[in-house]
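Naming follows writing order (A, B, C, D, E and F), and every chain is counted from residue 1.
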Amino acid sequence: MDDTRVKKGEERLRQLNYANSIGPKLAEISPELNRYRKEFAFGDVHSRPGLSMRDHELVILSGLCALGYAQEELKSHINLGLNAGLSRQEILEIFIQLAVYAGFPAAVNATFIAKDVFDARDAKGIKQ
Amino acid sequence: MDDTRVKKGEERLRQLNYANSIGPKLAEISPELNRYRKEFAFGDVHSRPGLSMRDHELVILSGLCALGYAQEELKSHINLGLNAGLSRQEILEIFIQLAVYAGFPAAVNATFIAKDVFDARDAKGIKQ
Amino acid sequence: MDDTRVKKGEERLRQLNYANSIGPKLAEISPELNRYRKEFAFGDVHSRPGLSMRDHELVILSGLCALGYAQEELKSHINLGLNAGLSRQEILEIFIQLAVYAGFPAAVNATFIAKDVFDARDAKGIKQ
Amino acid sequence: MDDTRVKKGEERLRQLNYANSIGPKLAEISPELNRYRKEFAFGDVHSRPGLSMRDHELVILSGLCALGYAQEELKSHINLGLNAGLSRQEILEIFIQLAVYAGFPAAVNATFIAKDVFDARDAKGIKQ
Amino acid sequence: MDDTRVKKGEERLRQLNYANSIGPKLAEISPELNRYRKEFAFGDVHSRPGLSMRDHELVILSGLCALGYAQEELKSHINLGLNAGLSRQEILEIFIQLAVYAGFPAAVNATFIAKDVFDARDAKGIKQ
Amino acid sequence: MDDTRVKKGEERLRQLNYANSIGPKLAEISPELNRYRKEFAFGDVHSRPGLSMRDHELVILSGLCALGYAQEELKSHINLGLNAGLSRQEILEIFIQLAVYAGFPAAVNATFIAKDVFDARDAKGIKQ
């Protein structure tokens, strides 16, 4: 099996300073889905140079907020977004903007998850 | 009635070089909803300085794509996004990225609307 | 086959002065789904006395608006809602209220369908 | 900054006898989103006289049920709906009606949240 | 009241070796919604012979995954699907396939619920 | 660029006797998204042997129905499902089953698209 794309995805995740629970938990139950996540989601798509790393995260955070039900992924990508250079305030601004288009419940859900992530980063002494 | 926020929304829409059918059609059937759209959506929220005008549109386009059913608003905001400085390719990249998180049908729907908007702009001789 | 519930659903549809294209079209392609629609949707549930007929329609119109993609059913239930005693302005107020919770695109979509229904009723000389 | 609309929203929330955790928690993390919630959601829209206070809540509860993912807001608005004059049985009837249009999982989710709210009110000795 | 359809639904649930918390919990708070669930969802629809019992569950699991927010029902139907003859791997394959159409977050959510169900069955010594 | 996965996707589409408008239209506006569709959606995932070709389509049709807004993809996959061995009646049964879980509007939308596809196949003299 050719691992070029898996490695490219893993490299992208390293650049994003990825450290959370989706990867290992998913690898345990559905290694195939985890492989596609590395290969396709991060190796192929997130690595595309047509948008900056920060803009990829801006797009993903906006899409996840609008979906309304993507708590686990939001938690992960709020961390990745901060690692990619978005400020905490910019992340809150995304959700304020989407209150208009996806409704207040989607925006409030995402904002509450942001609070949890910010608190966890504070507890670890991460400034941004 | 205080028109400060309406005027602020109209000013924002002018900056975005807004010209489409949602505003007039909505004004005719539900002038109140159209007023909130100008006051709240554009006067209050879109005008917030915490994100650039381009980033507001990046966020909105991403949210609309993920919703899946927002054809009219996508058509409008693809135009506004281009007017705010996004390139055609960047708009296509947004939808490629969201194929991962919202699924291919949402991404394909949005991409087909982009094609219609690009064609209409070509027909009017608009370069971007 | 026992037709009690079908008849109850048909009676409810008669009380709502139902006349549109979902029923006959659905009967042609999927008579079973149409039967459940009469039996369950209108015979069992819409006929429940715990809410007034007007409130049943208020609830349904709100749910359909929030779903975002239910154009055919919205068209049908805007007519049924008017027949059940909701005023045109009340129907527009529903969608204004849901702009807050489901977002502006869902509200705008529903409002545009309302305009089509109101215009069609005007053309037929229906006052309400 | 003009606080007229904030005060109008706070007055509306007082009329609804509002007491829950969304407001204070949101104020802490995103005071701007909380301000729009008071100004726009409650000051502008919920205060509109075209629907009764009870009907505003009927509409909101229906929309939230159909969204499927709005647990926090449902918990809040089931309380507000009861305070606005809806009976417990009427709230259950909303979700029964929406099982037809939004599907059983959305209806069951909302019904289980209603149970939690009813139990909490019983524990506080609130009759309705 | 005619209980034929309730009994048919209960018989279907017995064939599926149903044992979980939705039924009893729902019966306590909204016996009417629980009755429709037995009568309509299981008595009328799930009992239809046009699809095998396994295919009914394949369809339901796919729909629930795509909705994104249906955690309780997914937990229930992963058990019912296994009881109806789907293998654990087939259930994971459903969610892999739907990562393409409903997006990775919907697929990951469903996969994590599958892990919880598989673990609970392991703890009870259930092989499949 | 390695075309192995593209070729695998094209081979899968050939096995499904694919002939519709999504591919060529998408290739024109966003060749990259079309490439991922062939590589990932059909080459990697649809080609997985853990489900039969018919079951892949059963899963996809169910997911698309539940999304509610995926008209173009439904039209395409109703054709692919028939080509993969599903009968017309089985396809209608999928949507009947999902009326329970995704609601009647999603089921009715999908059923009406099925009617269009069946009519088009009749016009071409395709028996199944």
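We take it that a residue touches a chain if its C-beta (ideal position, glycine included) is under 8 Å from a C-beta of that chain, and two chains touch if they have at least 3 such contacts.
Predicted, not measured: the structure shown is a model, and the values here were computed from it.
Touching chain C and chain E together: A, B, D, F.
Where chain B touches chain D, the two copies mostly use the same residue numbers: shared numbers make up over half of all numbers in play. Put simply, the chain farthest from chain F by mean CA position is D. The chain with its CA mean position farthest from that of chain C is A.
Set against one another, E-F and B-E show the most C-beta pairs in contact at E-F. Bringing chain B onto chain C by least-squares fit of CA atoms involves turning it by 120°, to the nearest 5.
One simple way to say how far apart two chains are is to compare their mean CA positions; for chain D and chain E this gives 30 Å.
Centres computed as Cα averages put chain C at a distance of 24 Å from chain D. Across the assembly, chain D contributes residues 32, 36, 40-41, 45, 48, 64, 67-70, 73, 92, 96, 99-106 that each touch 2 or more other chains.
Under the stated contact rule, the graph of chain-to-chain touches is complete, every pair of chains being in contact.
Residues of chain E that touch chain F in their complex: 40-41, 45-46, 48, 50-51, 55-56, 58-60, 62-67, 70, 73, 89-90, 92-94, 96-102. Touching chain B in their complex are the following residues of chain C: 68-69, 92, 95-96, 99, 103-109, 111-112, 114-115, 118.
Put simply, chain E touches chain B in their complex at residues 100-106. Note for the complex: chain C touches chain F at residues 22, 25-26, 28-30, 32-33, 36-37, 41, 64, 67-70, 72-73. Across the complex, chain B is touched by residues 32, 36, 40, 44-45, 48 of chain D.
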